[in-house]
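Presented sequentially are two complexes of subunit A, the first with subunit B as partner and the second with subunit C.
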Partner chain A sequence: MNNESIIFYILSAVLLVSGVLAVTGRRILRAAVFLLFALSSIAALYFLLGFFFLAAVQIIVYIGGIVVLIIFSILLTHHIEHRLKKPSLNKMLMSALGTMVGAGACLLTIWNHPFPEASNVEPITTMDNIGTKMLGFGEGGYVLPFELISVLLLTAMIAVIVIAKRKENLPS
Partner chain B sequence: MNRLILKINIYDFTPLTQAIHDALSESFSPGITTLIEMVIIGIAFITLFTILGLVMVYAERKVAALFQQRLGPMRVGFFGTAQTIADAIKLLLKEPLMTKNADKFLFNLAPFFVIIASFLAIAAVPFAKGLQALDFNIGLFYIVAVSSLGVIGILLAGWSSNNKYSLIGSMRSGAQIVSYELSVGLSLLTMVVLTGTLQLSEIIESQQDGWWIFKGHIPAFIAFIVFLVASTAELNRGPFDLAEAESELTAGFHTEYSGMKFSFFFLAEFVNLFIVAAIGATVFLGGWMPFHLGNWEGFNLIMDFVPPIFWFLAKVSFIIFIIMWFKWTFPRLRIDQLLTLEWKYLLPINLVNIVVMAFIAMQGWHF
Partner chain C sequence: MIEAIPLTHWLTLSTLLFFIGVYGFLTRSNLITILISIELILNAVNINLLAFNKYLYPEALEGHFFSLFVIAVAASEAAVAVAIFINLYRNINTVEVEEVNKMKY
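Our next item is the complex of A and B:
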């Protein structure tokens, strides 16, 4: 077993254990921290694969952005002694069913995929390539999704400002 | 061993690291070699952290004394140089206290987040030619990404202490770091427009004929100022230290920490200061590149004679001195002033600046 596979198994173990702990924990902030561990081991897997840009994006968006936001909202709303209630059996069964359907679909795809051995083992994607593809309008360009997402974000931003400002109009 | 000593060249470390790699490869399999190299680099960085902590705490106290017309530490050792070693021993011997109603798991975990974030970030810092642990093609982006991990440690520390002051401190710190991260990123992006690459070694190579702060006209200078202000805020240092404001919050997020756990936060703060100064020196001041003046051959030769590592350390010390200068001259900002500064001034300035810079780069007006 070479280094890569040892590291891969360690990372996968961390990912699976922290993923399970994130959904089963009764303390909400601990669950958020385990979610963080799961997301960082995914980032580490990307590093292992050689996709540095994707790994850095995973860190800055999911860990530096989303998890920080989750922790922030927990800090504002939950007391340290707060424990989550145990979900009802019905909910647990339904979510287990949903997860199994999702996992089954993924596994089926993976097993049926032939995975041809790559002839060119140079997975390093440069920033230039990403940039030209992202704003390219030729074949394989992503300029339309890019613009759509920026419009979506603008809408979200305006909506947030409207919601935050509404209180001023109400009579006190 | 003799082979290795012969390879030591203070102007270029590539032969030395290559020789170490070859010597290890001779006796071990590739897997074990990588492992040993990782351990060596880890130990080197831990040593660097310790030295940085000792030197920078001393520097901070002396600079503070200078600005307040005092002498600073003078008693232990020559001019008080051994003072920080005494402080470190004191911190090691202190009892690690634990609050009764704290969330123990997160309370113990939080300091590691902060220190690991610094560890990840310092790995990509180029110290001299061939003296860089990680040289990703996304180097600058990598540093910005991993340095955002530190805020999680601060937030967890404040919440798990189960203390109102700590919670307020960490909330302030979180709001501050999340907002100022934008300005740090954008000011660095302004320079990336000129360099055309994110790889730190290439950024340094591109400054062979002059540092970007001189070559990039006024926008580069504005970006440098914004970078300094925003990164001071991101470091939670004065005048933006309201996260730990002693007079209001006792000590903010690390009120409940003692002994080594406290010193983790303390050390990480100083190491982050070093990292920020190193990024600033690399992107704006040419990293380990010596100072060259046009066609003055003689002058350039003398400058080349000074080893790159000294150039790097001199530039880093210069930026660290400026940031310490901020701390001891400006009064602390209020939280609303702090957020106004970022969202209403720095961010718009930055956005306009980046457009101006893109225009200059497009026209080829930079040198």
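Our next item is the complex of A and C:
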């Protein structure tokens, strides 16, 4: 047990516990706050893996953007003390059974599959490499998906404005 | 070193998180909490992609870019979903799944 393993297991425990509380909690605002904890521990796991740029993106986009958006929508549509109603016992049991079967199948496959782990090589996740690959035209370049994502973001922005715009009151 | 943690532990973590999200998706009856479950599912997939990238192909950046694209798609999806929720609330005054059976403009 070295330091990285201990940090990994602590972060995993925090992540799983806050994930469970985010999907089972009765209070809707607390569910959103537990989602924030889960996303923060995921960002810490990215730092542990050595993907520093992606961890920064996770903090900026998820924690600074999506969680704030979700909390705003909760505050706009619910009372702050709102309690969700309990799902029926039958629904809970059937969902738990289905997810356990799925998780069991996946875990069995994962633990029985021999993964050919690569030998240690120099990490290439520097900003220089990321930028060159992301906007590269040649082998392994990602300029086309990059442009597609920019178009997708523009489309989403226009769609959000159109959907959320208050319609003019027609004169009666 | 990071190599002290086996790859299977990362994959186990992401599998458990994914199915926690699926459980929430199946049991919740409020649109906003369903959105929270979807975010958990997408993040579990991201952990998976990055663990494969780091352990199996450390000389490539494919998992990194796929995770970036997943984050971008998730951000736009969350924005559109929240706009739809606000509009629904304005029209029918609820965001419970049982009540939402009309997409009438």
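Descriptive notes on the structure:
Note that the second predicted complex is superposed on the first by the 130 of 172 C-alpha atoms of A that agree within 3 Å, B and C clash if a C-alpha of one lies under 4 Å from a C-alpha of the other, contacts with A are read in each partner's own complex, and residues count from 1 in each chain.
By definition in this document, a contact is a pair of C-beta atoms (placed from the backbone, for glycine too) under 8 Å apart; a residue touches a chain by one contact, two chains touch by 3 or more.
Small disclaimer: the values here were computed from a predicted structure and weren't measured.
When the two complexes are overlaid on their common chain A, residue A:I158 makes contact with neither subunit B nor subunit C.
Shared-chain residue A:V20: touches subunit C; no touch with subunit B.
In the superposition on chain A, contact is made by A:M127 with subunit B only, not with subunit C. In the superposed pair of complexes, A:L29 makes contact with subunit B only, with no contact to subunit C.
In the superposed model, C is the one of subunit B and subunit C that contacts more residues of subunit A. When the two complexes are overlaid on their common chain A, residue A:L97 makes contact with neither subunit B nor subunit C. Contact with subunit C, but none with subunit B, is seen for A:F8 once the two complexes are overlaid on the shared chain. Of the two partner chains placed by superposition, only subunit B is touched by A:I80; subunit C is not.
Of the two partner chains placed by the overlay, only subunit C lies in contact with A:Y62; subunit B stays clear of it. Taken together, the two structures place residues 2, 53, 57, 65, 72, 74, 76, 124 of subunit A in contact with subunit B in one case and with subunit C in the other.
Interface residues of subunit A facing subunit C in the complex, by the touch rule stated above, are 1-2, 4-5, 8, 12, 15-16, 19-20, 22-24, 28, 31-32, 35, 38-39, 42, 45-46, 48-51, 53-54, 57-58, 61-62, 65-66, 69-70, 72-74, 76-78, 84-85, 87, 91-92, 95-96, 98-100, 102-103, 106-107, 110-111, 115-118, 120-121, 123-125, 129-130, 133-134, 140, 142, 145, 149, 152-153, 155-157, 159-160, 163-164, 166.
Listing the residues of subunit C that touch subunit A in their complex gives 1-5, 7-9, 11-13, 15-24, 26-30, 32-33, 35-37, 39-40, 43, 46-47, 50-51, 54-62, 64-65, 67-69, 71-80, 82-87, 89-90, 95.
Only residues 2-3, 27, 29-30, 33, 36, 52-53, 56-57, 59-60, 63-65, 67-68, 71-72, 74-76, 80-81, 124, 126-127 of subunit A touch subunit B when the two sit together in their complex. Subunit B meets subunit A in the complex at residues 31, 34-35, 101-103, 105-106, 109, 136-138, 141-142, 144-146, 148-149, 151-152, 155-156, 158-160, 162, 167, 170-171, 174, 178, 181, 197-198.
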